[in-house]
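Read from first to last, the chains carry the letters A, B and C; within each, the first residue is number 1.
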């Protein structure tokens, strides 16, 4: 009985995911790559991955880390540096005699390496900072992200990072997957989020949640705190690195100064809106966030006349004000966010849904 | 304590343990020994240092001075260091001066086979009763995060789930498996904590006030339950408890602490007759 | 050698003093609420904008006190609206709220100012240049350390000698108990934010006289550095925050002197991490242990 139920769920979820992918693909075919809805789908998917990776740390493991922008930067730069075509290097690195890196690799291995490099950075940074707790951890990770941003722009390693100049002409969504940018983004993001979900529901994910709920009890149950925190930190950064690389592919050019702490704050707020400890919440919130800021609330930024009457308040920047007020309302009055700690597929099933998993 | 008892395959041995916080000596020169299969109680008035002793054994605190051995292996050895050299108010500081300090983290000590419950229940509050026990089986899992994520460890995962479910049945909580741990009544939460501790495959079980907040009938049942699991899982039990009926019923031996010092040791009959204990402890209660 | 370093040292002292005035707000709020008030740097920026707009219409003798008043009002409102409702919430929630407020203030300032850098008014007296030895500098360089020291001493006296100071100390040691003892904690917390904001406003007057351009995000970095200074000095300790800020201000300028300008920000955070690892309680902080 239970087994059958589990199979049915599996078939249903595969069908749902397939539908989403087909819908996303069709949207691009119908509306064209340059349409607003496609932009939202691309950027929303990238943010979804980054938000889920941050949720793995902040929501599931209870580590309040604010280093996400730093790891995204590492991923984005690794990707761009490795994929700029040889013919274009002289132009991009014009101040650094074409730069040190004199080879180019394909975009798929570069995506993986982007994640791996971010993970290596996380492993090194994690050694000292994961011994810190709570807000000290937050401020230390924030500090490391700032250090990364400063070091990347350091003139001495300019031949590698192009200093504070733009990185560009690397393969972007539009150049590698013309006409299928959304499908490609969704595939990469889908695989990554799927892997994170599998991890969260494995015995290691349960250990993470135990650490979040009660560090002292978790340790008394034989869970090595440092080892597991480091694991969560490195895995989260791996996916943040891939997310950064995807963001680079979406943007088309790259500058270290755009990876400021305000970017981390934005992602954190997405995670909070979606619900700390809910993967589907983070995904939904990412698309809502991007759609609102890039599209639905755009009208707030343009001065509008209705006949002779000028609509008050509407002016550049008003969109972000409305937006941040909405966020504050969520933070203050709807602290559980859209999903709380539930997942989309657990809704309706209640707690019994977990019983199904237990016997499976 | 008779000489013959020491050093013979004891499960747990504390030697001159002193725990000092700043200027406050919480435990002073405590030595005790627990033999295989025993149920030993640690009693004493509030603030006597009982939970602190548990924390020294389980690695939550680093004792200031002294040594803890588990199955003859040192799990904590220390002597006053740094500022403590001057501040130290305890005894036997010289004895461990040249011994290399041993510091094990709590998780490592749990790995070795000491499991515990907490005085102020510490269940994983967002998890169900079943998940609470399941989490405690994690430390024996052999798969790494990759094989576990990619579900290449089905057999192991199945075994872990079965073990957790069996333990819930053992403590009589199978019905409540899918309830949120913190929504259970108090007495059941205490039993769930014991099930969770058992899931780590301990040889020594430390119970910190297992009967706190229970009525006399529940306390009696708990006593039988402790003896039962001790036999079934071949455990040695060391417990802190205030319910004297329970302590006298099931303990093989009792240690009495007062103001961080051991004031008595013996069988329940001996302790009941001990004038020091009556003065320091039972006497206080009668007032 | 000394002659070449002197201008940098001189430049470092007022920078440190300005950080110190911001750091006081961080350290006092953290001492009482255990909250990193991420919005504090933005309140500092807001003070800069208040001055820009007020001085367009009013003489400095009026605009400076008004700026301080408005900044205090802003700090007070932020606390009441964004932090007070979360008193019993987990600490993570209130920190997220602080980040949200910071985001809101930055966006609001961008909207109201059009996102362009505004020129800070020239304050007669403060902006004049004088010569010390071979170096020339603005008067503000001399005023800042003196003023900072004076304010810090006054604050320490306030906390040590007055009734509200005693209440602040009590609340920082034990929130619940002081509430039971009849201390009106909400008043104490509001008072803390008022003092912190007033200090930030004074700090901004000095800071922007040196740096002149006010943008919506200009306060973020000095804010973070001031927080590092507060941690360095031992969170909760006001003299500690001042000394921490001075050390950071001077080191930063020495690093610039060594030609490593790119690393002057990074240095601050490196220092933070070293301090947190080696001595998490900072120079003057007290140790706390968690009960199991």
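Operating definition for what follows: a residue touches a chain if its C-beta (ideal position, glycine included) is under 8 Å from a C-beta of that chain, and two chains touch if they have at least 3 such contacts.
Here the structure is a predicted model, which is why all the values come from computation and not from measurement.
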item	value
Distance-to-centre winner among chains (Cα means, whole assembly as reference)	A
Farthest chain relative to subunit B (centres taken as mean CA coordinates)	C
CA centroid of subunit B to CA centroid of subunit C, Å	48
Whole-Å gap between the CA centroids of subunit A and subunit C	32
Centroid distance [mean C-alpha coordinates] between subunit B and subunit A, Å	43
Of all residues in subunit C, the ones touching two or more other chains	292
For subunit B, residues contacting two or more additional chains	60, 118
In subunit A, residues with contacts to at least two other chains	216
In the complex, subunit A residues that touch subunit C	58, 64, 128-129, 131-132, 134-136, 138-140, 142-144, 146-147, 150-151, 153-155, 216, 260-262, 265-266, 268-269, 272, 276, 315-318, 320-321, 323-325, 327-328, 331-332, 335
Contact set on subunit A toward subunit B in their complex	195, 198-199, 202-204, 206-207, 209-210, 212-214, 216-225, 231, 235, 277, 341, 351-352, 354-355, 358
Residue ranges of subunit C in contact with subunit A within the complex	34-36, 81-82, 85-86, 89, 91-93, 95-97, 99-104, 106-108, 110-112, 114-115, 217, 220, 224, 227-228, 231, 262-263, 265-266, 268-270, 272-273, 276-277, 280, 292
For the subunit B and subunit A complex, residues of the former touching the latter	58, 60, 105-108, 110-111, 115-116, 118, 122-128, 130-131, 134-141, 143, 145, 148-151, 153, 157, 160-161, 165, 177-180, 196-197, 199-200
